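For reference, the structures are reproduced in the following blocks.
Consider the two complexes below, in which subunit A is the common component and subunit B and subunit C are the respective partners.
So, the complex of A and B:
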C-alpha cells in the first residue's frame, strides 16, 4: 500500500489522512479515491476513455487526477494506481431524459474501437449456448431440476429469437465502452451530473446499454424510457442495426446463465431460493424491457417507413 | 305389455381446443377424456352434472415468429408462466361442462347410472389446435317399451329385423335405444361458464327471432349430415298425441349447419324386403333461448345431431376467430329456457305405409313431409327414415 507521504508528495497535498485505508483519502482538496490496477494497458485505455468521454459529453467524470509532474498513473508495488475525486451523492434522473439521453447517446458512440487490452465480449464464449442445449432432467429429477428445465426451454426460445434478430441486423461494428452496471454510477456534485466510470474491462456490445434501460424502465416507466430512447437515438442511432442488436441483447437470457453458474454447487434450499428470486426478478425485468423496446422499435420503424 | 331392461343414452362430441400462443404442440404424448360428474336427484329429475375433463401431455414447440412486428416476435413468458411437468412436458387441461337431466322414472337405481367415454380420438390439424372426437354414453337408463295398438309388431320379427335391417350410419348412436326412444323423455345439456358476449347475443337473438317467426327452422343432426328445413305453417305441427316421450336435445340455436348435397341425409330405402320394423319416433328438441348461465359463442357438434355439418361450420369459424372456437362442445348442449321450441321426430317407415298414411297419422301435409325429407318422389320404402316436424308445447318438455 502506498504511504500517505508518498501520495502527498506525488499529488501536492498539504494535509491528508485515510478515511479508508488504502482506498479513500481525505485531503484539503476534497475526498479522493485510490484505484488499483493490475493491467497497465487497461488503465491506459480507461485514462483515454474518460478523457474522451468528458470532452465529448461535457460532463464531469471520475478522470485520473494528475500528479504534480503531470502523470495520470503512478506505480506501486502491487501495480498501477490512479487517484480520483470521490463523489457519493446520487444523481436524480427524473425528468432529465433529454440531458441524460444525450449523454448516453454520446457514451455509446464514443468510437473507441481500437483497444489494446483485453475486452469483455459476452458472445465470445459459448457457455450460454452449451447450457441451453442440455436438458437438466434426469430419471429422478428434483423440483429444482424441473424448474431449471422449464427455464432452459424458454431461455432457448429467447436465445434463438435473439440470434435471428442479430443475424438480420447484420454483423456491423458494435460499440466498445467502459462497462455500466447501474444508473447509480451517476452522481451529482455542485449541482452537476458526474459520471463514475467503473474499472472493468472494456465491454463490447450492448450489455451496458441494456443495464441502463432496464433500470430506467423500472424507475421511471415506459413513457420516460421512450423519451430517453428518442434522445439516445439522436446521438447513437437505434433505428438502425444498433437498435436491433440492442433488442437481441435484451432478449438473450443472460440471467439464465448466471443462475446456472451460481447454483451449480449450491445445495442449500434457502440459498437456491434466493437465487431463484433473483432470477425471477431479472427475468421479469428483461421481459418488460424487451416488450417496451419492441414497441419503441415498431413505432420507430413505422416512422421510418412513412 | 311393458318390460324393462337397462339401456343407455349415447352421444358424440367433436371439439376443437386451441392452445395459447407460444404453447403450441411439437409432439402430443398423451391425451385422455374422462367424465368428472356428480349425480343428484331432485323433483322427479335426475341431474348429472360435472364435466368431461380433457388432460394430456405434450412436448411444446419452440417456435419462431415470421411477423415483421418486433412486439409479436419477441414476447416470452415469465418465470411463473413457464410451468413444466416432470419430463419437461407441457400439460393440457381442459374441462367441458356437462349437464344431463333425466326423469327419475326412467332410472331404476341411481347407483346404476354411469357416464362413460366409450370412444375417443383426436387429430392435430395445427400445432396449436387439438380436434377431438368422443362417444359418450349415459348408462343405467330404464329400457321401457309399451305395446301400442297402432304400432303392434311381432317381437320375434323385430329381432329378426335387426338382422336384416341395415341401419343407416347416422343411427348407429341410437343402437341401444332405437326402440325405447318412444318412451324416453330427457334432455342433456352442457353449459359454458363464461357469459356470452354481445355479438353472440345479437346473433343469438336474431336466431330466436327466426325461430319464433313465421319461418320455423328445424335442425336435424346426424352423424354425417345435417340439414335444416323451414316451415311456414307452424300451426299444422301439432303435438303428436302419443304416449311416446320425446328425446330432447337442447341445443344452441346458433348452430346452423349448412346443407350440403353430399351430406344430405337422404333417407335411404332399404333394398331388401324385411319383416315388420319397429317404428321409432324420437323427438329432438331445440331450445331457442340459452340458459342464463350459458354462453353461446361456440359451436358444438353432437353426433346424433349432425356433427359433421356443425364441424364444417366450426372449421369455418375457426379460421376467423380462435376465441370463438375455443369451446365448442358445450354449445351444442346449451340448455334453453324452452318457453317455445320445436322438435323433430324420426319415423321408420313400416311395411305398407305410404307418405299419405304417415302424413295423416302425424297430421301434417304430404308436401311438408316431402320438403322436410327432401324426397324426390312421393314414395317411401319400408325401413326408410322420415323426419317429422312437430311443434312442442312447453308443458311437454321433459
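So, the complex of A and C:
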C-alpha cells in the first residue's frame, strides 16, 4: 500500500488522512479515492476513455487526477494506482431525458474501437449456448431440474430469436465502452452531472445500454424511456443496425446463464429461492424492455415475445 | 469538439471543481473572475474560443515556457492536466492572480518596459520563413485592396456631406482634415510598396510570435516594474511590424506623446530586436493609414450610434491629433535614416 506521505508528495496535498485505509483519502482538496489496477494497458485505456468522454460530452467524469509532475498513473508494488474524486451524491434523472439521452448517445458513439487490452465480449464464450443445448432432465428429475428445464426451453426460444435478429441486422461494428452496471453511477457535484466510470474491462456490445434502459424503464416508465431513446438516437443511431442488435441483446437470456452459474453449487432451499426470485424479476424486466423497445423500433412484424 | 450537454450547469462551480478550488469569494474584474480561496487568489478567464483557438493558445503558452520567456502570466492546468476547459462556445482558463501595480518602488515608464519586453518576445520567437513571392504578393494585394476600399468609402462619404447645406460639427471637422488623411493614405501605400520591394530584393521575410493585442490592459506590472503579458488569445505568427504597430497605436491613444517619445520607444525596441529596413517601412505603413480616424466616421454614421455630437467631435479631433503626430513621427524616423545614409 502506498504511504500517506508518498501520496501527499506526489499530488501536492498539504494535509491528508485516510478515511478508509488504502482506499479513501480526505485532503484539503476534497475527498479522493485511490484505484488499484493490475493491468497497465487497461488503466491506460481507461485514462483515454474518460478523457474522451469528458471532452465529447462536456460532463464531469472520474478522470485520473495528475500528480504535481503531470503523471496520471503512479506505480505501486502491486501494480498501478490512480487517484479520483470521491463523489457520492446521486444524480436525479427525473425529467432529464434530453440531457441524459445525449450523454448516453455520445457514450456509445465515442468510437474508441482500437483497444489494446483484453475486452469483455459476452458472445465470445459459448457458455450460454452450451447450457441451452443440454436438457436438465434425468430419470429421477427433481422439482428444481424440471424448473430449470422449463426455463431452458423458454430461454432457447429467446436465444434463437435474438440470433435471428442479430444475423438480419448484420455483423457491423459494435460499440466498445466502459461497462455500465447501474444508473447509480451518475452522481452530482456543484449541481452538475458527474459520471463514475467503472474500472472493468472495456465491454463490446450492448450489455451496458441494456442495463441503462432496463433501469430507466423501471424507474421512470415507458413514456420517459421513449423520450430517452429519441435523444440517444440523435447521437447513436438506434434506427439502424444498432437498434436491432440492442433488441437482440435484450432478448438474449443472460439471466438464465447467471441463474445456472450461481445455483450450480447451491443446496440450501432458501438461497435457491432468492436466486429464483431474482431470475423471475430479471425475466420480467427483460420482457418489459423488449416489449417497449420493440414498440419504439416499430418492429411489430417481428412478433418479438419473451 | 461537439457541443456540451447542458445538465443545468453551474459552469463556474464545475470549472473550479476541476482545479480543486474552493472559493471563499468571487469578484468580477472586467472579463475575469477574481477567485479568493484559502490557498491563494486566482484569475479565471471566461472567453469565447473555438477548439482550434484554444489548442493554439495552449501551444503558445507552452512554447513561451519552453523558450524561457518569463514575462507572461502563466496558465495553470486543471487537476486532469487540461489548460483550457470548454463549455460549448465558452472556454475557461485559470491564472494566478497578479496584482497590477501603477506605483512602483523606483521610477518606471510602463511604455518603455512593455516595448522592451515585446522586443524580447519577438527576438526569442524569430523565424525566417521560406521565401514565397506569392505569399508576399497576396499579403500586399489584400492590404492594398482593403485600403483602397476604405479610401473610396471615405471619399464617398466626403462627397455626400459636401452636398449638405448645413454641416454638423463632426462633418465639418472631418472635411477639414480629410485631405490630410488622404495624404496619410498615400504615405501608407508608399511605405507598403517600399516594404514589398525590399522583401522581394532580399528574397526573405521573417515571422515572430505576435501577442496580437499588446496593450496596457493585457499587461500586469509588479511593484518593481516588471511587466507580465497576459491574454495571448489573439497571438499569431506574423511580422514583428504588426505587433509593434498595434502596441504603438495603443500608446498613441492612451496618453499624450510626441515624435521624440515615439522615436525613443522605437529605439528601445530596436535595442533588443532590430527591424530590417523593409520591416520598418511596413511598421510605418500600418501606423500611417488613418484607419482609426475612419472608424470614427463608421461609428458616427452607424444607426445605433449612441454618442453625442460633442463626444463624436472630441474623439475625431483626438484622432486627427494622433494622425498629425504620426506624420511627424514618420518623417522624423525616415529623415534620421536618410541623414545616417
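Convention: the second predicted complex is superposed on the first by the 298 of 306 C-alpha atoms of A that agree within 3 Å, B and C clash if a C-alpha of one lies under 4 Å from a C-alpha of the other, contacts with A are read in each partner's own complex, and residues count from 1 in each chain.
We adopt the following convention: contacts are C-beta pairs under 8 Å (C-beta built on N, C-alpha and C of every residue); 3 or more make two chains touch, one makes a residue touch a chain.
Just so it is clear, the model here is predicted, and its values are computed rather than measured.
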Partners on subunit A (subunit B, subunit C) - clash or fit: fit
Which superposed partner A:156 touches (first subunit B, second subunit C, both, neither): first
Which of subunit B and subunit C A:195 touches, first, second, both or neither: neither
First (subunit B), second (subunit C), both or neither touched by A:30: second
First, second, both or neither for A:135, with subunit B first and subunit C second: first
Contacts of A:284 with subunit B and subunit C, given as first, second, both or neither: first
First (subunit B), second (subunit C), both or neither touched by A:247: first
Partner chain in contact with A:256 - subunit B first, subunit C second, else both or neither: neither
Which of subunit B and subunit C A:216 touches, first, second, both or neither: neither
Subunit B and subunit C, minimum CA distance [Å, superposed model]: 32
Residue ranges of subunit A in contact with subunit C within the complex: 28-30, 51, 54-60, 63-66, 70, 72, 85, 96, 99-100, 102-103, 106, 189-193
Interface residues, subunit C side, partner subunit A - complex: 1-10, 13-14, 16-18, 20, 22, 38-39, 77, 79-81, 86-88
List of subunit B residues in touch with subunit A within their complex: 60, 62-65, 69-71, 73-80, 82-88
Subunit A residues within the subunit B interface of the complex: 135, 137, 141, 146, 149-151, 153-154, 156-158, 160-161, 164-165, 247, 251, 279-280, 283-284, 287, 290-291, 293-295, 297-298, 301
